[in-house]
Structure formats: structure tokens, C-alpha cells
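Could you have a look at this structure, given as C-alpha cells, before my questions?
Order of writing sets the chain letters: A, B and C. Residues in each chain are counted from 1.
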Amino acid sequence: MKIDIRHIAKLSKLSIPEDQIERFEKEMQSIIQLVENLPEIEGKATAVDTENTMELRADEVVASASREDMLMNAPQVAAGCIVMPKVVE
Amino acid sequence: MNNKYEIVVGLEVHAELSTKTKIFCGCKNEFGAEVNTNVCPVCMGLPGTLPVLNEKVVEYGIRMGHALNCTINRATKHDRKNYFYADLPKAYQTTQDDVPLCANGYLDILVGDETRRIGITRLHIEEDTAKLIHADEFGGTLIDFNRCGVPLIEIVSEPDMRSAEEAKVYLETLRTILLYLGISDAKMQEGSIRADVNVSVRPVGAKEYGVRVETKNVSSFSGVYNAIVYEANRQIEVLENGGELFQETRRWDDAAGKNVLMRSKEDAQDYRYFPEPDLLGYVIPEELVEKLKAELPELPVQKTLRYMNECGLSRADAETIALSKDKAFFFDACMATGKCGPKLLSNWVLGEITRVANERRCEISELPLTVENLVDMIALIENKTISNAAAKTVFEIIVDKDEKPADIVKAKGLAQISDTSALQTIVDSVIAANEKAINDYKGGRTNVLGFLVGQCMKQSKGQGNPAMFKEMMIAAIENS
Amino acid sequence: MDKLYSLSAKSMKELLDKKEVSSVEITKSVIERIEKTDKDVCAYNSYNFENALKNAAAIDEKRAKGETLGALAGIPLAVKDNIHVKGLKTTCSSRMLENFVAPFNATVTEKLNASDAIIVGKTTMDEFAMGSSGESSKLAVAKNPWDTSRIPGGSSSGSAVTVAASQVPFAMGTDTGGSIRMPAAYTGIVGLKPTYGTVSRYGIIPLASSFDQAGPMARNVDDLAMLFNAVCGRDKMDAVTKNYTFEGYGDSVKGMKIGVPKEYYGEGVQPAVKERVYAAIETLKCQGAEIIEISLPSTEYALAAYYIIQCAEAASNLGRYDGLRYGFRGSNTSNVEDLYLTTRSEGFGDEVKRRIMLGTCVLSSGYSDAYYKRAKLLQQNIAKEFTDAFKTCDVIITPSIALTAWKFGEKSGNPAEVYAADICTITLNIAGLPGMSVPCGFDSTNNMPVGFQVIGKKFRESDVLTVAKCYENAVGGFAVKEF
């Protein structure tokens, strides 16, 4: 399989310098090679494993965290909110 | 609208559920709290946090699934939908992909005189995103995470609607159902219902669908209507000018009344869905599914039809009552007493009672008015004990105080006079005092009769039976 | 008493219980040891000495008052730097989180605190746990105490090193494809990856959520069991955890059936490693175990299935590092799109970028069926093979890793070859089974430690530890590097 590093990088929100594209392509190709050797197996993985299920949570309020704690790693805070560059739509 | 074309519409409706807590954490689910106060590491998407699913969200989803005649997938799971956006702190939304909670249903809606069946492709549960607040004074955009993790259901319809009007009715019906089930506040102005609208057009009679264009960000009933009309016209214009349509995503600008291109097909998102590895699948007990089905109330469209067919209400009155949970539940409670008939009751519910509730900006159920007092009062009108005018006096009292209408009528002497001799005295005196009007009537201007009866009612202080007055007045004039 | 730091946790506990030493004395000894040796082995990203001493004093006071104490009361340990300890940095050895201060505790941390353990610092690791050598760390790069020119193994490199270098008696690591067992094998200590769902993942920065499991690393089986017992069990914050109680362990393998799968002893495994593992099996046989040859044919596809699923989940888990809310912020902040690109391109190392792109690729439209979905099906097949194999045996023994610690830089530039070294350990993460690396001597070619892996049935950590304990007794204990 040919890997389009530029497309994948764009989807991944990574910018890969032009001079490194080839190296990444080669490295990923070698990993993908492992995958190419997968057998052609029949069937489909079970969507829901009913033998291994989880418990759900009751709809009960748990005290929220302090805003100060929640924002302490933010690069910029104003008016109780995280500030980020303007979103251009 | 160019009548060479048929419009095809499908809707994706997102509704916030009114559970106490968020979908994956115990933070409060409430609108309008101070910014970033209903937050915790989980809903902020901090690294190392994990979701734990709220059982109420599943239950609410199943209720809605039943209301939409869906199959419930008892063994279900969650998936990640990966994309980058500033309001999505994990860079993926935990939603449901290939095994939605509910699927393959339908909703009957009333459009004009027709019942239209709209297919429901699927209904799934997922999380809402954070709110971005554009604030130039801070040189950027602010993020408030209170809404992040609020539970949503997404209801995807089949492309079964054929006009903007149908889409609007569909959305209104969905909204009413959400309110009937008590699972959402369904306030469009607070953004608790939002719709993405898929529109295509095709020549009338064509079998194949046209190119579908999605319009996002529609958040009002009129917006849905306008967005569809706008987009359909845009597509028809392109086709009429020999142009080509593209599968793309557009954004509705309600203020400007138009949409703008958001993403072309080339930029289509690749969401890279895969099973949410932080959660396991789960199996919903059959008993729960059945219990929720049994608890399903009568829904608005069925109510409308019943009000028309069994109560004899007009289509307009039936629908106005049924589309309001508040009116409908009050109306049904009154009917359930068996003490009064539907017609006069519907007049009161849609008239005086709604007026007072509107004035006070409250629900009918929040008024001190009791069902018993109202039906007793209406029964008094129906058995001609009191006139409509006297009933208004009674109503002004019972709307605020729990007093028996019969007692009020007695205490205030509001009972209608049906004693012929007493009424005849009044009729005679009115005739004597209105010679001109009598002559006018005799000269063919029979519409003065209303004035004369009114005079009689005035003299009787509203207690005379107006029908009897009318009858006696005509007899007296003709015999004079 | 000198060299308190070098005692086992069990001995420390005995001395503390008898009030022969205080926790402050032990903690001071450990801190001195770390201060003296860590410049050579570089096990830590950050220290927590001040709090550790304060907590040790508080526990001594509790003990003096006769209050009830937790199972690890007063014993120092270290945790991997992807486990949140409130108020300390959690860096994942990445530039992306270099200054990220944990605003909450991981459940594991809560449990350690409830056991009155003393956390002395955060140990280094491969960046975001991506690696099996420790070399991908962007902060401290830990060195193998047996030969500091060699890799200690990863990704729990610092936890392995701090234990192997006798800085602390035990430490917490995390394991996604061998990240506890491989460094344990490379540094000659014991390390357990518990059954998926026995230890809470809450508050641990994930690599691949459906494989990740935290576990203990120690110099002997008793200490390992002590730490495991303190951290395991159902957590309502982690939906995949099960009601689990560790049932303890014995020291006899008499009558136990040990499966030996031939696929794990192939050409890729160095002869020196094979020789030591066979010798260990022979030892267990002499202790009364029955050795059964078994076959796990899907093993050859495991590596591909593992990397597809791991990278897919990792790419998704790492999407949140975008410079907006926390962590590193890239150089171009003029708009959000540029901020994403510069933050992620400058904040992540090459190994991380490679796996993000691989994960994005295998999930992307048009590839998901051929790669991701096929890998999920293989995962089911591999798990089923183990279930079937366990019908004929109680535990399975394989090498922990096909080779022994190599020199730094020796294998850079060939990620596929490095990935292939994980083959013995990854199948357990795929199948969710418990596995433990146990030291079994040294590679005769370079004198570096060799380890064998004991694999148990789901939730049968007891069986795994019983085999390990029996072997430990039979060989008279494990060698400790004088350092």
C-alpha cells in the first residue's frame, strides 16, 4: 500500500517538513509491511461482546471540580474561561 | 418555488436530554450556570480521564426510540468520532456508530389534511461539545465547558419530507414528543434542540434522488423552514442555469437569511470512527425495554386525531391543544372527570385559561386553578345554571382560589333567571324604553335584536337567560 | 542502620512494624540513595522529596499514636510519569506535557495514598509510553544499572531502573505491549502486567486504552504481590474494571501444567535467551510441574494486529494535545489551525508522530476495513487461541523478550525491527491476560539479564505469582546489581 504522508499528516494535524516526508514514508512503509502479511481471514469481529459488559452509572450529581484546578494548566485565562486564538469559521 | 421540481428533505435533529448529570461524569447538567463551574477532569477531557455512562441517558434514549416506533438494540456500544475543533476537548466525540441505541422507526405527522409517515433511520446517544464565546476584548475566543458532556440524542430521519412545511411540522412534532416524555427541555432558543438539514431537489416524477446538500447550524422552527426554502431555491436556480450541484456542507446564517459554503466534498471530514476503547458494550435488560414501552404516554399526533374523531374538535383546536403538553394534559384531566363535554372545555382551555397563563408567563399546571373547579363551572354553563358572562366572574375567582363554583354562584347570586314572568317584565320595560329600535326592527333592521337582548341582560345584571330573552323579545315585538 | 534503601519492602515493613526504624529514616535513606546514584542511571523526571518526608513524618506519627495504618505504611516507592499525582507534574517524558501539573489523582495514586505509601518521585519513560527501550524520552533517558551504556528497556524505563538500582524497593509501571515486562527483563527484576480490568486506568495518561494496564515492578515476588494487592480492584471511575480480589499465591508448582508454545521460541529469539528460559522451565519441572508443548499459531500475526489497534487508539488519544487548553503551545498562535500544526509538530517527538500517522492511516476512510477491522478480528482469534490453550495447561511460559539489552542508539532508524522485539509480550495485551517477567540469569554473550514470562488465565494472577515464587525459591532469590 502506498502511504500518502501529506494527506495523513493533514488528517493528523501534523506538519511534516518536505525533507522528512521520504524518511517518514519509508519508516511507515516498513511497519505497514507487517500488516500486509495479515492472512485473508473470513468473518467480522463481533460488534458487541455480550460476555464482557460494563455497569452503567446512576444519574447522581457528584460535586464538580474547582474552576481554579481545572484551569491551572491553561496558557491564558480570562473571565473564568480559557482563552484561545480567535476561531475563524 | 419552481413547480417542475420536487424537494426532498431529511433532518438530523440533536436534542439535549434533561438528566440530572452529564452523560459521562457526575457534573450537573444545567443551562445558564456561571462559566466553567459544572466541570470536572472528565468533561474537560483532561488526559487520563475516562467516561462512565449515565444509565438515565440510555433510558431516555429508549423512551424516545419507543415513541418513534424504533427497534431497540439491546446490546449496544459506543464509538469515537475523531475530528479537530476548538469546542471538542478530546478531539473526538464519544457517540454511536454502527450499533445505534434505536433504529428503523417512523413518525406520523399531520400536514394539512394528510397524515404523513416519516421514516426514522436511527437514534443514538452522544455528548455535547463546549461552548465557544467570541470575545474580541480578550483578543480571542473563550471556552466554557459547562455544556461539554451534556447528553444528546441524535435523531436521523429518512429523506421522506417533501416540503419545508413538512420539515417544520416534523420538528415541531418531535419537540412536543420530547416534552411529553419529559426527557428534554426542548428549548430552541437555548440551543437544546438543533437541526442539520439535508436538502435535494429532483424533477417531479423522477425516481433518483438529486445531489444532497447539508445545511448545518439551524436552531429555530422558522430557521428550518427558511433554510430549506433557501437551499431548494438555490439548487433549482443552479440546475435551471445549467449548472452542477455538489455534495457539500453549508452553514445557515439565520440573521442574513441565507447559507454559505462551509466544506466542499473534497474537504469532507474523515471521522475515523472506531469502538470507544474506554467503555465496554452493554446489554439492556428486556424487562427495562418493555417497561419503558408500557410507560409511553399517548403522543401528540394520536391525541390530535382523538380530539378530532372522538371529541369533535376542529382540526385547528385539536392540534393546538395536542401540540402543547401543558394544554393537552390539563384538557385530558378535565375530560377524565366525565363531568363536562369537550367543546366548551376546549374553548375555555384555548381562551381564558391560556390568556391568564400567558399573562402570568406560566404553565396551566402552575395556575392555582383546579380541574374539579373548572369542570364544575363548565357543567354549570352547560346545564344553563349560569351564563357565559356569569361564568367569567366565577372563573376570575377559581383561577386563584380553590372555591366551589356552585358556592360562588350562590353567594354572588349569579344563577341565570329562567322564570318567564320575571324575564317578561324586563322585556316589556326594554321595549317601552327603546321605541326607535323597535321601529327599526319592524322596518327590517333585525340586527338591532342583539342590542335589545343586551339591554335585557344589562337590566337582569347578567343573570337572565339570553336565549330566552331573545325568543321572548321577538315574540313581543311581533305581537305588538 | 545503613543501606536501609536496599531492603525489600517486606523487610522495611517488618522493621517499621517492630518500630525499629521510622519511615522518615527509611525515606531519608532512599532520598540520599537517589541523590547519589540518579545522575548515573537517570530514573526520574521529577522528585517529590519534600512531600515524601512530610508524609513519612505524618505516618510515623500515626504509628506512634497507634492508629490503623495502610498495608504499605511508610514504605517509599516511585510511580511512572504518566500516572497523575495531584500537584506534581505528569510529563509522559514529552515536551508536550513538560509543564503539565496534575489537577487530580489517579485512582492508583489514591490507593497508594490510602495504603500510606510514600511517593518519592515520578520515573521517566518512553515518550507517551511509545517505545521498548526508553530512548524515546524527551526528558530523562534512563540507563541500565547493569551496564549504563545499554538501554534499560521501556516504556517503564525509569520504574525498572529505580528498582534495579535499589533506589526504592518497588515502583508502579504501565504496560500496553510489554512496557512493564520488557524493562523488568532487561534490568533483572520482576514486573507484572495484570489482567485487563484489574487495576484502574483512571488518571493514567493512556497509550492504547484497550491494552493499557498499570502494574507493579519489584526485586522479588513478595514485594511485587504487596504492591499489586494495594492497587488492584474495581473502580467506579473506570468502566472496564471488574470486581477483583487478589487471592494470594503459593510456592509450589507440584502438579501444575505449564504450556510451552513453540511459536515463542523461533529463530527471532537469541540462543542465549532461549537457553536461559529452557533452563528455567527445567527448574520448574524439577519442582514438580508438568511441561506440555502447545501451539499458538496466530502469534505470527499478532504484531501487525497489535500495532494497528495500538496506533489507532493512540492517534485518537493524542488528538487532544492541540495547544489550546493545556500543555505545550506551538510558536504560531495567530489562528487555531496554525496553532494545532505548530503545537503538535513541535511538541511531539518523531516516534509519537509516526504512530499518530500510522493510527490515522489505518482508520481512515478506505483503509479501515483492510486494516483496523481485520486487526480486531485477529484480536478475537488470538484471544480464542489462548482460551483453548488454557484448557490443557494452567500457565504458559515464554521468553519475556527475544533479546537482551542493547547499546543506546544501536537500533535507531529501524522502527520495524524494534517493534518486532515486542512479539513475546504483546499477545497478552491483545488477549487481556496477566503476565509476569521473572529474571532467569544472564546472557552469556554480554552478561545482561534475561527474563522469562509467565502467562496466566484471566484474573489468575495467583497462578502466575505461584510459579514465580516457586522459581525464586528454587534459585535462591534473584541477583541484585551492586550499584
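One rule holds in what follows: contacts are C-beta pairs under 8 Å (C-beta built on N, C-alpha and C of every residue); 3 or more make two chains touch, one makes a residue touch a chain.
Please read these numbers as outputs of a predicted model, since none were measured by experiment.
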Problem - Between the pairs A-B and B-C, the one where more C-beta pairs touch - result: A-B
Handout entry: Reference chain C; chain at largest CA-centroid distance
Key = B
Completion exercise
Taking each chain's centre as the mean of its CA atoms, chain A sits from chain C at a distance in Å of 23
Problem - For chain A paired with chain B, centre-to-centre distance based on mean C-alpha positions, whole Å - result: 40
Handout entry: Centre-to-centre distance between chain C and chain B (centres being mean Cα positions), rounded to whole Å
Key = 57
Fill in the blank from the handout: Where chain C touches two or more other chains simultaneously, the residues are 100, 103-104, 236, 239-240, 315, 319, 322, 324-326, 336, 340, 360, 364, 376
Handout entry: Where chain B touches two or more other chains at once, by residue number
Key = 41, 44, 46, 52-53, 84, 86, 143, 270, 272, 275, 279-280
Practice task
Name the residues of chain A that each touch 2 or more other chains.
Solution key: 11, 13, 54, 57, 65, 70, 82, 84-87
Handout entry: Complex contact set, residues of chain C against chain B
Key = 82, 84, 90, 97, 100, 102-104, 106, 201-206, 208-210, 236-240, 312-313, 315-316, 319-322, 324-326, 336, 340, 360, 363-365, 368, 372, 376
Handout entry: Residues of chain B that touch chain A when the two form their complex
Key = 19-21, 25-28, 34-41, 44, 46, 52-58, 75-77, 84, 86, 98-99, 132-136, 138-145, 251, 262, 270, 272, 275, 279-283
Exercise for the section: Would you tell me which residues of chain B are touching chain C in their complex? Expected result: 41, 44-53, 80, 82, 84, 86, 89-92, 143, 270, 272-275, 277-280
Exercise for the section: Write out the stretch or stretches of chain C touching chain A in their complex. Expected result: 99-101, 103-104, 236, 239-240, 301, 303-305, 307-308, 315, 319, 322-327, 329, 333-337, 339-342, 344-345, 348, 353-354, 356-358, 360-362, 364, 367, 371, 373-381, 414-416, 419-420
Problem - Sites on chain A touched by chain C in the complex - result: 1, 3, 5, 8-9, 11-16, 24, 27-28, 30-35, 37-39, 41, 43-46, 54-55, 57, 65, 69-70, 72-75, 82, 84-88
